[in-house]
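Structure below; questions to follow.
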Amino acid sequence: MSKSVLQLDQLEVVYGRVVRAVQGISMCIPDGSTVAVVGLNGSGKTTILRAISGFLPSENVAITQGTIRFRDRDITGWHADQTAARGIVLVPELNKVFGTLTVEENLEVGLRTQSSARPKGAITLSNVFDLFPTLTPHRRRRAIWLSGGERQLLAIAAALIKRPTLLLVDEMSLGLSPIMQRQVIDKLKELKRDFGFSLLVVDQNARAVLEIADFGYIMENGMIVRDGPAQALLANTEVQEFYLGRRSGEGQRPSYRDVKQYRRTRRWWG
Amino acid sequence: MQQLTSVLGVAGIYALLATGIVLVYRTSRVVNLAQGHLAILCAFCVAALLAAGYHWTAALPVTIAVGCLIAAVIYFAVMRRIVGEPAFVGLMATVGIAILLRGVMVVAFGGVTITTQPLLNGSIQLFGADLSATQVLVAVAAWGVVGAIVSVNQFTSIGLLMRATTENVVLAAQRGVNIDRIVCLAWVIAVCAAATGGFLHSQRAFVSTAAILIGVNALIAALIGGMDSFIGAVIGALAVAASEHFVLLHFEARYADLAPVCLMLVILTIRPWGLFGTQEDVERV
Amino acid sequence: MTDGRARAPAVRRPPTLHTSYRQTFRLWRGKEWWCLLSGIGVTLIWPFLVNAFWLHLSNLALIAVVATVGLNLLSGNARLVSLGQAALLAVGGFTAGILGAQYDLPFWLCLLTSLGTGGLTGILVGVPSLRLKAIYVAITTLALHFAVTTLVSIYQTEAVRAQGIVMPIPDFVFAKLGDSRPWFYFLLLVVALVIVAALNLERSYIGRRWIAVADHEVAARSAGINISVAKLTAFAISSAMVSLAGALGAYYEGVLTAETYDIQLAITSLAMIIVGGVGSVLGSVLGALLLTFLPYLLDAAMKPAGIALSGGSLNGIHSIAYGTLILLFLVFEPLGLAAVWYRIRNTCMLWPLKYTPLEAKR
């Protein structure tokens, strides 16, 4: 069995001493695999990514319990620059590019801050545009003029320039049309195949990410309610009903009993 | 022509200090009220070293080195520790630094007024007029340093990292920018600009604790232009110097302090973010 | 009928635990009456405990308390940083000077009028500040400072043609306020009224609206708060209080000069609310007291050490001390002396138990 690149052990994150955003999460990401974490708003998915990459705002957030291990090194509570130096790169949900800088300058920021601790990589400014042909006509344009999908691709390109061992992608489908979402996801799959990093994707478009993932975790209210191989999750009827939008007995009006059953199961899941 | 050079010189000094304020504001969103104090402290240092007999080629670099040290101390001892506090804590910290520096100036150099020997004497023939060499030096040097700072910000890679930090600190940190280093560098450049400004001020006017007012005028220049814009700082400095000169010429000297403030109020009423500032909804001090 | 269960031991309730909504906005939230009473007792016999010099300082400190509590309402609760303190003190002082010295109006009328003129000045500076964000508000008040100081100095040189205005000795109800001791009790009365007024404002809907506007303007607006009215009332009330302090100061000093109102005064006032604790009345009281006494405490400390310095350098040492104190408080205790006090009080009340309240404020 391949080694795990990231392991979360009974992680608990508390906001303002009052809100437990993440409660007792244990997760394992095998080396070189794609893991999807899906769930509704407020289920704690973004908090996990921020805890891993070191971006929890430190005044009123604390990791009160548990550990995060990156390749068997304990990185709980590490700051952003330390995790970035080790190869954990986050593509955030909002504010993912520098709007006032051009596309080239956006990429250059990543290049200029290479840490010498990391091995030399194959991505330079020139071949980045070979990998992302859609960005080439916009090389010298400021990033705010890009469309949403192009901005997402730019964010991924800027993250790739840092030669990640583990790429964390937060909500990449926000604000994108379904066609654009598909393009971005396919691009991500292709890049992973070429460069071999491990991928942890968090998204609300459950179907899309489960389809490219090897493993999946479903979160609700800060806890993991289902996990397993992605294909198994996709086939699971309950998952289909709650997260993928397929209802059993499609085409008929749901009966009162169905609705009660739905609500009951939903509550139990939470 | 004489007056033009003088105004350009004054505007240059204001622009130097305003550029420093803008740079610090851009990278860390802190309004530096102590810029004038830093400038005059360095002016006192240079004057003292010159009076002790050192040549200006030694006095100026030493003062700038001392300024860099002060900047590093300010950053690591104070600014770094108040990150994440509500906005006006940073402002109050600079107020505290200003009070502290004023005390240091009074204790170390006495409350006296110092005049320094100007570096250049005599006059230069330029554009068909007799201009004082000192005034030309001040104008050229001030605008030269301002131009250098803006070029560094725009064209070098460290300037790129600074611009990235200005836009979005969190994202910059994610992309591996060492925020500590960048903000400290911003403070160092700001203090060096202040030191140069103070030195140039000593060339054309008296150095005393009352001269700290150039910091207030520089702040007004930065506010007129927009707190996060270098072009704004330049335009603001020119406007402040011009309005001050105009009032001095046609009215009493007592009102010379009021003129830039009134100008600023007028401009801010029309455009609350300054002439070139970015409109933002975020509450900042 | 015996009760089989053992009685549970009385549990010491933490000082910050409120068990009803009413408790959270009572005027006096503490339970230790003896503490308050002994404090009041010491204050009442203070003039008999100290010599004339320190009594004089105490009076100055009390006037500073009035001014600082006023400033705190504006810059602490409503978070509108104001550099116009010196200007407002000048407004109050000169109102009292013109009306009291030149037109011979009675003392209490001058004080009330200074409240009025202060309030009007506050509204005057508040109107252009409505559109502006925080630093710009500070600069607008700085503009007020320049304008007022220029005006009063012009008035002094043109209209009075003297070095200053001599104020009459005020006649208050049953005593002539000629000496430090009657002044002390009078000022104590004024300070008590001002503190109660500030506390009441803080816990009333007016104060809460200020805090709401300071926290998040957009949310406050959607809750139905009229932002302009809130800000203008903050300016008006705060300026009125500071102006009152200015009038009191003018009467107390006896001579009114325009030079006393310089920008240092405004900066020192801001220092007082920072060191004391932003947004808390106790904080402004403690901050004003500490920073008024500080230079003289320093002098008293330096004398046995044999350090004798000239007047100018002494001023420098004071500035260094002020600056360092501000920085130390900002870095290590941003909530100021008030927070230190509450921490000491909580520890004393709960000892030997340890309790970390969720919010350190009260």
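Think of it as A, B and C in the order they're written, each chain with its own count starting at 1.
Just so we're on the same page, contacts are C-beta pairs under 8 Å (C-beta built on N, C-alpha and C of every residue); 3 or more make two chains touch, one makes a residue touch a chain.
Owing to the predicted nature of the structure, the values given are computational and were not obtained by experimental measurement.
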| item | value |
| --- | --- |
| Third chains touching both subunit C and subunit B | none |
| Chain separated most widely from subunit B, comparing mean CA positions | A |
| Busiest interface, counted in C-beta pairs | B-C |
| Centre-to-centre distance between subunit C and subunit B (centres being mean Cα positions), rounded to whole Å | 33 |
| Centre-of-Cα separation between subunit C and subunit A, whole angstrom | 52 |
| Distance between chain centroids, defined by C-alpha means - subunit A, subunit B (Å) | 44 |
| Residues on subunit B engaged by subunit A in the complex (per definition of touch) | 84, 157, 160-161, 163-164, 166-168, 170-179 |
| List of subunit C residues in touch with subunit B within their complex | 79, 81, 128, 131-136, 138-140, 142-143, 146-147, 150, 153-154, 217-218, 267, 270-271, 274, 312-313, 315-327, 330-331, 334 |
| Subunit A residues within the subunit B interface of the complex | 53, 55, 57-59, 80-81, 84-85, 89-90, 92, 95-101, 105, 108-110, 112-115, 158, 162 |
| Footprint of subunit C on subunit B - complex, ascending | 31, 77-78, 81-82, 85, 87-89, 91-93, 95-108, 110-111, 216, 219-220, 223, 227, 254-255, 257-258, 261-262, 264-265, 268-269, 272, 281, 283-285 |
